[in-house]
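Two complexes come next, and they have one chain in common, chain A, joined by chain B in the first and chain C in the second.
Let's turn to the complex of A and B:
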């Protein structure tokens, strides 16, 4: 009897440690994978897509860590960083760079631009303490709308980006025209369980590992992890957990919050460049509008709360979240033919998770 | 019998095994003004909460004993019951709506209405307000208080004195008011306003209302009350007719403790005749603990105590020096002017602070002991860091060594330096706070309420630790609500009252001197005695 009870406790402990939503959503993903296998969908393809999408979205999700740690909550203003990245990306095309040069110039230009914009955004957040999340959401929406105008009016001449008739940039810019599509993903790419063998290079079957993209994601993860072990990062975390404590230790909390949001915005800018090359297209105009929500949901599924987030939450979260949706789409299509339930399911889970996490936020910094 | 309004019979209350009230017996007659006096934590508010049936009492297991109103046992289960029994209360902070007129404030939720067509169909809630009758009622209530102000004036912008009277008028206006409780009514009033209020209280008593008057201003109590009851540590110390006693005796009863003060003398003191800290005209805007201009000089090697009742501003001083709350004035440390409102430079100059709000300000509860201890020193002095080019990463090994040394030196009881601070006992948490301050190697240590919320054994350890630090040459300013502990280790004690230094006493001064100073009537006493 006692033995049974103890076992139950440890089970509860594990649930508490990982977090109920993480286990629930993770379990649901595995269930879908099994169902997919039973319905005759290739599980290998599903896993392959999951890894690809996780790699594409990883850095965007990572951008949540600094802002959550600094106490400004999940960065709902992710589009701010995203448009910086997109702007750097189109500039790099306009200046005629192709291939690797295009990628490096885009990232190199995106970083200072995002740092500057992130600084202004941090100033804004310091002016609206207490309602950061709402302000962030609307900042994100507003900047996307403002950039819609900018994309139309930018006097760029590159034929790779313009409308065929009239002025302005296209909604979707194909990156293979400049040799940028999957350039990072294909770096050192290999396949697991391919038809050619267990590990095969240059194969399009099996579980494709986009090594370059995953490497960059992991490097960014290590940088963020290290940063939060540095003097400056520890100050940011302390300011996020207990502003009064940090203040009494002589920390300028406002400056910490700005630093964190600069970092978050830079990560978002790099993130969208990596995303675009993986996807093969750069999407302008209203495409970034809802990207913050997927990233917020992913980090929360990974076990973060609106006040605490770790790099491990990002890795777990992005895998489970992207896994769920790459799997749900074909499985749902197979089960309910002719409907688009998967998209509805996606919206329910994505927004449900955000809602769940926000109800756990303890009021303000009192 | 008939003029016995209220009787509390053997009222006791426990909060989770902790007795906060012990067998309180109290009687209030018609037209009597009964003063209730005691230090903070003496049990005054608990007693009032019981009288008003506040939910804190009933959710923590109710109370023992009984309450009789006009000779009949009363069951007061909620504030609403209390109102039905004719008990009213005038609050310390005003509960008025600024945008409403005086009449609207007084009549809020007790409006007089008359039926109209809509209300006949949809019910009483939609009846028309009878403004005329409400104005008449309000006028009557204001007239009782000799207030000539018009009832249709908006509350916003009125002087505080008026607001206090409007609160009282609201209570008077309630039909069947028998008992009126004043909770430190004069705390926020200017002198003339306070005098008016006391006059009004006497007038109300003259109309047969029984008045319970909570205050710690002894002058007022002696002036206005008929009977005084002194509470101390949850016990009723004495109930006396005001005619048979005097301020001096009341003050002694209020402070005097059965606990003996163990003060070892003759330790090797090394007070140097060198002023280490000088405070000139310091004002601090700390909510609830406002400091309104203090001048203090501290000598090197001293332990200076700062005492006084809660809300008088004693806690504001240390918080103001550290720059945690906005401060004005001049603070000179080691001959150099300290920048105010800049915690970083203050810590850098060699002052460390242990906050009175241990869980809120003093600790990161979810972090480990070592993270807490090292944090400030890492941020301010760049200790415990390894440099990798421009990047400074924390040096975990160094932090661990230092934390383990502190755990040993201060005898912090824990499983390891990685234990969460939130899971430690209060006394050990306090030691972690002190360890964090000591890690900065300060010359001057400001400690606020070092023994709040920790058990007796741990209290002694913390106080011994402070003494030991002082013997090693550290200057200490200790702020505490517990007079006994100030008297046990301090060289001299400053009493703060109404945001100013009321006076300075040696630790072995008689109880009554402390009591009078804390209630702000030290000067009045000497005059009174001579007369």
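Let's turn to the complex of A and C:
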């Protein structure tokens, strides 16, 4: 009797430690993988796609960590950073850079731009304390809409980006033309369980590991992880946990919040450049509008809450989230032909998890 | 002494002007924008503008009005009216499927929508109680979340679980799911298009005449009431006089147009019954505040804590407010769709929350204060901007697409700006009292 009780307790402990949503959605993914295998879909291809998409989205999800830690909540204004990254990206094309030079110039230009914009955004968030999440969402939406005007009016001349007729930039810019597609993903790429052998270089079968992209993601993770162990990072976390206590111990909360959101915006800008090269296309106009929600959902699935997030949550979350939806698409199509179930599933899970996290936010009585 | 007095008075009047400016900045931007549109674009005639505006007004006003009660009850701007709109569309789909139409069909749609919307409102209300303090972002997310469930219902459940014949005109050819667009049928052939609007129509200028005559009577009644019991009601002589003059001018214009049968008479006729429904909701929103329930809404909106202490069931009151808003939104969506004539199954509801909220904010409402006046003014101003922006894009830059993007920017920008300004000023006020 006693033993049973203790056993149950340890089970509950594990659930509590990992988090119910993580276990539930992770379990669902594994179920789908098994179902996919049973239906004759190549599990290796599914895993390969999962890794590719996790690598593409990783840094965007990582951008959630600083803002959550600083107490401004998940960065619903991710599009602010994203448009900075996209702007740097198109500038780099316009100045005629190709290949690796294009990538480095884009990132090098994106960082100061995002830092400046992130600073302004941080100032804004300090002015609207208490309603950060709502205001952030609409800041993001407004920026995307304003940039739609900018993309249409920008006087760029590069033939790789313009419409064939008229002014403005194309909706999707092919990065093939400037040698930028998968440039980072293909760096030191190799395959596991390929037809040529257990580990094969330059093979298109098996689980393809886009080493360069994953490396950059991991480097960013380590930087964020280290930063939150430095004095300045700990101050940010302390301000997020208990602002009043942190204030009384001499921490300048407003500055911490700005710093965190500058970091978050920079990560978003780098993230979209990595995303675009992995995808092979840069998507302008309204494409970034809803990207924040996917990133927020991913970090929450990894076990973060609207107030606490760790780098480990990002890695687990982005794997499960991207894994679930890369798997759901072919499996759902096989099971129920002609329906768009995986997109519906994505909407329900992605927005459901955000709602779930919102119910856990300590509510303030006005 | 005298000098300081004057300077003080000057100072207060200048601060009054600046607060008035800050209160109405969003509305002013929109007025300026519309006027600017008239200046630069010569393609827009007064007739075209008023025809568009009046049809858009009768389409959208009911939805915007459905937002007022949650604001009073302290829930903020309910982006979750999207859920209500879905309830309305589900009811509409049922009615179209069985081929009912005409006025009776429309009434039946509203009747079917009532329990569905009430249930949805109850559920969202419970959710808002769990996400206290974050209702606005929660209401935005609940719209996206419910959209997933809605698509699941219309694309999968209809056909796979509920068997339907694939020969039906609203079902996709493969027998699974509802088509992207469903034609509602003209009301003459027993369909639902214009089923409400075409019951009774009167010329636009007559409507103007009647509306402003009614406002004039209301103002006179206010003066008489104030004479009888001075000081009992809030009363502002200058505003009343301005209103009366405005009414007289509008009445004169409409009488002139009617008697001379000028070009203004060519504006599309207005639907009376739809108008009456809008007026009824306006009156309902005003009257409910005078009841016990309305007072509960107000006290919960001011402070949940004090309301709780004085014995009001806060959670229940908030749920009731959400249910009301959701049901009105469902009816509003039905009114909207009978005017459109086609049910855009997967797109008609998605933007409703955003546009309605933007309209209310343009009218000068905030997250804590909203009234009928804001809703009506907001709907007019917001839709003016909507009509003008492609025209401005076309005439200034030779590109109507630019105007479309600008329109989207205005919608998001207005919501962001109005919310941001409001929070910023509340925070500043809070700091000032603390100091």
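What to note about this one:
The rule is short, and it goes like this: the second predicted complex is superposed on the first by the 363 of 366 C-alpha atoms of A that agree within 3 Å, B and C clash if a C-alpha of one lies under 4 Å from a C-alpha of the other, contacts with A are read in each partner's own complex, and residues count from 1 in each chain.
We adopt the following convention: a residue touches a chain if its C-beta (ideal position, glycine included) is under 8 Å from a C-beta of that chain, and two chains touch if they have at least 3 such contacts.
Owing to the predicted nature of the structure, the values given are computational and were not obtained by experimental measurement.
In the overlay built on the shared chain, the residue A:241 is in contact with chain B alone; chain C does not reach it.
In the superposition on chain A, A:312 makes contact with neither chain B nor chain C. Residue contacts after overlaying the shared chain place A:12 against neither chain B nor chain C.
Contacts of A:202 after superposition on the shared chain: neither chain B nor chain C is touched. When the two structures are aligned on the shared chain, A:347 is found in touch with chain C, with no touch to chain B.
By the document's definition of touching, neither partner reaches A:42: not chain B, not chain C. Set side by side, chain B and chain C differ in how many residues of chain A they touch, and the one touching more is C. Remark: chain C residues 74, 127, 130-134, 136-138, 140-142, 144-145, 147-149, 151-152, 155-156, 160, 174, 176-177, 303-305, 397, 399, 401-402, 405-406, 408-409, 411-413, 415-416, 419-420, 423-424, 427 touch chain A in the complex. Contact residues on chain B toward chain A in their complex (touch as defined above): 322, 324, 342-348, 353, 355, 357, 360-367, 371, 375-376, 378-380, 382, 385, 391-394.
Those residues of chain A that touch chain B in the shared complex are 226, 229-232, 234-235, 238, 241-242, 244-245, 247-252. Across the complex, chain A meets chain C through its residues 76, 124, 127-131, 133-135, 137-139, 141-142, 144-146, 148-149, 152-153, 166-167, 286, 293, 336, 338-341, 343-348, 351-352, 354-355, 358-359, 361, 363-366.
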